[in-house]
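Each of the next two complexes has chain A plus one other chain: chain B in the first, chain C in the second.
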Partner chain A sequence: MTSIAKQTPLPDQRPQEPERRRLLGSHNSHHVMFYGFLLPAIVLTLIFTLYPLIQSLPLMFQRWPGYGKPRYIGFQNIQHLFTDPEFFAAIGRTLWLTAATAAGTVVIGTALAIAFYRKIPLTNTLKFLAFFPVILPPAVYALAWKNALDPTLGWVNKIPGLSHNWLSDPDTAMWAVIFVSTIQYVGIPMILMLSAMNDIPESANDAATLDGCNAWQRIWHVILPMSRDVLVVVIGLQIIGNFKTLDTVYALTKGGPGLATDILPTFIYRQGFELSNFGFASTAAFFGTLLIVALTYIYTHYFRPQKMSNQ
Partner chain B sequence: MKRPTKGSSALRIGVLLASASLALAACGGSSSGGGGQSGGDPFSGELKVQVYGDWPFVKQNAEAFMKAHPGAKIDVGGITNDDLRQSGGRLFTSDDAPDVVSYTLQPSLMEEWISADALTPLDDVWDNDGIAKTVSETTARIATAADGKKYSVPLGLTQTPYLFYNKDAWAAAGATPPDPNTHQFASVEQFNSAMDALKKAGKVPLSIPGSFIEYMFNAPFQTSCGSAKYQEIATNWKPGGESAAKFTDPCAVKAIDQVSTWAKGGYFAPGLESMTFEQSQTLFDTQKAGSWIMGSWVPPVYEPKDFKWDWAMLPSLGTEPTAHGIGVDSFLVPARAKNPPLAKSFISYMIQKDTLESGMGRIPARTDTDLSKVIKSQLEISLADAAAKGTQVPYWSTTATVSQEQAFAQNVVAGAMTGKISAQDAAQKLQDAGDQYRQQHQ
Partner chain C sequence: MSISELDDPTPTRPATTTTNGQKRRLPRKGARHSTGSIVVSIIVFIFVLIGILPIISIILGSLKSTTQIVGDPLGLPIPLQFGNYARGWAGVAVGESMSTYFVNTVAFSVVAVIVSTIAGTMAAYAIARAATRTSTIFERSFTLLYALPYLAVIIPLFSITGDFGLRSNPFGIGLVFGAGWLFLTVILMFGFFASFPNDVIEAAKTDGASEIRIFLSIVVPMSKGAILSCVLLAFIYSWNNLSHTLPLLVDPASTTVAPGLLLFSAQYSVDLGAQFAGIVISIVPLVGAYALMHKHIMESFRVGSFR
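Showing the complex of A and B:
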């Protein structure tokens, strides 16, 4: 008697190998679906990022106030840019703001994620409060803090020990901007890191506990290393995002007092829209873009996410 | 026949959409279509007027004009100097261009607009109405562009800066007020003493919006250098107008140093840079500030309820008394105006003596009006009277470039407060801003 396992199906019922592959989904159709889902993002990036960037390249060699005919001026804009101390100072302040805000959001966000991972009391409420500023428009959030930091009417100045012209003092204005940016965006690293931690198998924690690790050691030797890939992405996103922030700084200080918080985006905005010098602004934007591309390449090259198994 | 899979269909549709989008974006650009000049009846058609918010008389007179000319339909809207500075040129050359717009002349911007053919010459309005005979030489000179044509019609004069002071608060603080007859301080030391007294009494000595801070430069600059040299330095940014007199000359550096000293002395309110006009007015109105630096447009629209006030000139740094700084409120007609004939007719109507005397509420540019019919407040009448007797000069922010104004705020005031920029360095920044403008426009 033939066992069921050895019974062969009727020829008409069993699909042929090539057809079976088509019905189940070939590699080609997987790729097609993959790119199909990516297509809207690619299209939007082409239209709203790459196309304007390419279109603005000729402006680097022109003087154009935003109306009338542009005038060709050769390399004057580039020459002016590389001899303008304000441009380099703006880049320096941008790097400082980026590094400080990225560090702040990642460290605080990760700390919050660890706390929520350990299920502290009121976890859900605190998670919501930490993430809530992220969903607010940056300009609205910044204006709320601008009012709060007002030396005469703001509530911050009524707290003992905090009475100061935070936004008008060149020595503290940038710290105020860093503070506001950090508080607004700390929710993003928090939610991403928490998600990564929740993916860590419980067996890893149990094994560490059995091996005698205390809570801090588990965090340092198990949780953080196993969340490394996400942490690398989070840091990269924070760097890129903070490098090009304009709305928060503009709403808070417009780059002032003086030029104390003038960063590359506010520098470009001022040159283009306040001084009607779009050729020069485009030149600054182009070289600023090159800088962030270079930084991003260096970062992703040296901190490439590793393929780690969570076994 | 091989039937296309759903995935590749999606890909083809996506590529088609992407190509169409790129093609549409590439075809985009400046708006096309002509500005449509109506060559018919100069008293009919539609007119779009955009003026400053504190010019309510324009709407009132527009209604009177429409009653007299039923074929005209005039829509009066608002605009600000910031709108004009940042996007005036783009507005004037777009399909949304108004037919008539207000502007307090800043020559550098006017020259930009003129060189981009964004404005309509208005010499015919000047000739038809004989405007040159009815305004002062200073006003006519301010209204004349580098090419010799006139692209603006003067309506009124703004005069600034003035120190409006709370007489009661000054008396209580023991601050010596200026001479009530000449409205001048005897010396800058008297002024400084008054400021110190107000500060000691817990008042903010000077309330001024952050964006108006260059008003503080007017009097020191003009009196330190003398009116003639002041105008020479102030206009040396003009293409072809480079002069030997520069901001780095000792007289100008002295003026810059004086403003820096006032800033370092804590004479301005905390949060100066971000202070708005409304906040500065509130500080004065609530008597938290002893004085308010503002212009002649204030008295028609503001009267303090709880205290008496008067006005004064900022102190002189030299032997020359502080002059009244004037700016000219004007009408412009953008090049893309849809109804230039009606625009010019309306402007001519607005500057008629009868129209002005029916209640403009501001000092008119015309010198032949009965001031008592035009302006009502005693304070404004005394301002106009004093200005008519004195030697007026254009106030600095109506002669400077936008980049010079920014350089002033960044380097003179903010730099002074940090102690990181000396008066000489700040002067160099101002000069550099003007030189750069001149080089870019030659």
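Showing the complex of A and C:
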């Protein structure tokens, strides 16, 4: 990803790199081919990403119920949003869900990666099964858990000590959401950490063993530090990915009971598509997006991997 | 290494050779395992089992009657109730059958995969080959747009797809989703094309092949693995999609399996066997792909996560 910046020749250096210039023919046909290959992507991006992005700005100052002509209402949406305790509560819950799920998937995923790195019995089968939930639709996986957690039909409640109406109790509903999204996505940190561990040169392990390190010391002092960059990326990915996820919450609780599991995506979805407050939903989406982008920036700025490995 | 040591014909140190070989092999790929690693294996197995148990209970339930499901959720399905699948496939929720949702999902995913893979691969190729200042700007823009959360565009997309007549059309919303997905394809394919062997293209150019011909008959066949990764990721994410399908496929007759099953479970709770069969049907293509290509899928997710 970064390589292009290095490869891009400065204007005065161009003649020294005739190889690249010749690739797409003479100057004119070069441009024709370049934009010809880019055309489908450009057209799709203009229509379905940039145009909606621009459209979302006037929508913030409008009242629009989803049909007919929108009506301008000035700053009412923004004023409403910043005085809406439900919005801030949803942001708070989003942060909590994101942090808890990121922590859960990274810790368990790393533990699984260590186990598979050490080639425990049945490593390949267990890896296959541990990653399996990742490919399932989060909505459908959550639906399966909803059945399992159901107070009358579910098998979870038949286990002694676990009999509880997990999804209807406001105190436990969020924990259920955290649990389901953690257990579904443990596989992603697992494969990333495992491949980072497999990249560690055998000599580093051998040197540690010669120095008298036992297995645990080797994990703590050699394997984890050498996988640090990957760990940083994995945590960032989990945070950014979880921040946007609607599916698990929508399928498990729809943000309920009450608003106990209401997060930013369900808040926007409810305001827009259920309450037909499209102007207000767009305002929430705009400021929510700003927050996600800001957090992403802060994270990548302060926890920059020491060397960004690209694939 | 240990094999060559064992094959060593010099009988000077026969005993130590074997013990040395054993010692070095054990922690990485020993045939016999220590008690500790067996215990770890059992703990991991229990954890993994928790992760798949809800799916197992759905699969078992899809072959049981509703009374059996309620009475014994994890019991074996005796006798097998294959009728659930017929009712699940034809089962009606909000006036639409599961089969409609399935066909819509195929339409949605196929359009999304084709659009994002073709447009994304072509754009990545152009950017990687040109390697000019303009192409760098494009590369940066696509990376930036990839980081843009769908939440920023989903509300205006509702109004735009209405204006264009794409709303409640699985092909149309597949196009919308594919247009959003292509940024990842551009980034992944760009990473691949950046290290593509130039001399192959040079040779074809000298032979007088056109750019389109070079792309189609040399570059694409040589990029099969990378393209397959993009296809697999696009397929899994579009098949699983809820963020676009739930708000933009408003008419129940046009919706896909993920939002359809949520409607299904809300309205069809009397016949649990059929509902569970519907869930199993909805994940068959994913499970099939995973069973056949799990190594390639894991690798795609790994590279896809790194971008």
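The definition used in the following text is that the second predicted complex is superposed on the first by the 256 of 311 C-alpha atoms of A that agree within 3 Å, B and C clash if a C-alpha of one lies under 4 Å from a C-alpha of the other, contacts with A are read in each partner's own complex, and residues count from 1 in each chain.
Keep in mind that, in the parts below, a residue touches a chain if its C-beta (ideal position, glycine included) is under 8 Å from a C-beta of that chain, and two chains touch if they have at least 3 such contacts.
Please read all numbers here as calculations on a predicted model, not as lab measurements.
Visitor: So, does A:99 touch the first partner chain B, the second partner chain C, both, or neither?
Guide: neither
Visitor: Touching A:232 in the superposition: chain B (first), chain C (second), both, neither?
Guide: After superposing on A, A:232 lies clear of both chain B and chain C.
Visitor: Of the two partner chains, chain B (first) and chain C (second), which one does A:89 touch, if any: first, second, both, or neither?
Guide: It touches nothing on chain B or chain C.
Visitor: Please work out whether A:152 is in contact with chain B alone, chain C alone, both, or neither, and reply first, second, both or neither.
Guide: Both: A:152 reaches chain B and chain C.
Visitor: Using the touch criterion from the header, give the chain among chain B and chain C with more contacted residues in chain A.
Guide: Touching more of chain A: C.
Visitor: For A:256, is the partner it touches chain B (first), chain C (second), both, or none of the two (neither)?
Guide: Touch partner of A:256: chain B, not chain C.
Visitor: Please indicate which partner A:204 is in contact with in the superposed arrangement: first for chain B, second for chain C, both, or neither.
Guide: Touch partners of A:204: none, neither chain B nor chain C.
Visitor: Can A:47 be said to touch chain B (first), chain C (second), both, or neither?
Guide: In the superposition, A:47 touches chain B and chain C alike.
Visitor: Between chain B (first) and chain C (second), which does A:213 come into contact with in this model arrangement: first, second, both, or neither?
Guide: In the superposed model, A:213 contacts neither chain B nor chain C.
Visitor: Of the partners chain B and chain C, which touch A:63 in the superposed model: first, second, both, neither?
Guide: first
Visitor: Could you pull out which residues of chain A sit against chain B in one structure and against chain C in the other?
Guide: Residues 29, 33, 35-36, 40, 42, 47, 51, 66, 146, 152, 273 of chain A touch both chain B and chain C.
Visitor: Using the touch definition from the top, list the residues of chain A that touch chain C in their complex.
Guide: 1, 3-5, 7-9, 19-20, 22-25, 29-30, 33-38, 40-42, 44-45, 47-49, 51-53, 55-56, 59, 64, 66, 108, 112, 115, 118-122, 126, 128-141, 143-148, 152-155, 158, 183-184, 186-188, 191-192, 195, 215, 233-234, 237, 240, 243-244, 246-247, 250-251, 264-265, 268-269, 272-273, 278, 281-282, 285-286, 288-289, 292-293, 296, 309-311
Visitor: Using the touch rule from the top, collect the residues of chain C that touch chain A in their complex.
Guide: Where chain C meets chain A, its residues are 27-30, 33, 37-38, 40-41, 44-45, 47-55, 57-58, 61, 69-70, 73-74, 115, 118-120, 122-123, 125-136, 138-139, 142-143, 145, 147-160, 175-176, 178-180, 182, 186-187, 190-191, 194, 198, 201-202, 205, 211, 215, 236, 239-243, 246-247, 257-259, 261-262, 265, 272, 276, 279, 282-283, 286, 289-290, 294, 297-298, 301-303, 305-307.
Visitor: Touching residues of chain B toward chain A in the complex: what are they?
Guide: 5, 7-8, 10-11, 14, 17-18, 21-22, 25-26, 85-87, 89-90, 92-93, 112, 115-118, 269-274, 402-403, 406, 409-411, 413-415, 417-418, 420, 436, 440
Visitor: Can you list the residues on chain A that touch chain B in the complex?
Guide: 29, 32-33, 35-36, 39-40, 42-43, 46-47, 51, 63, 65-69, 80, 146, 150-152, 165, 167-168, 170-171, 253-254, 256-260, 270, 273-277
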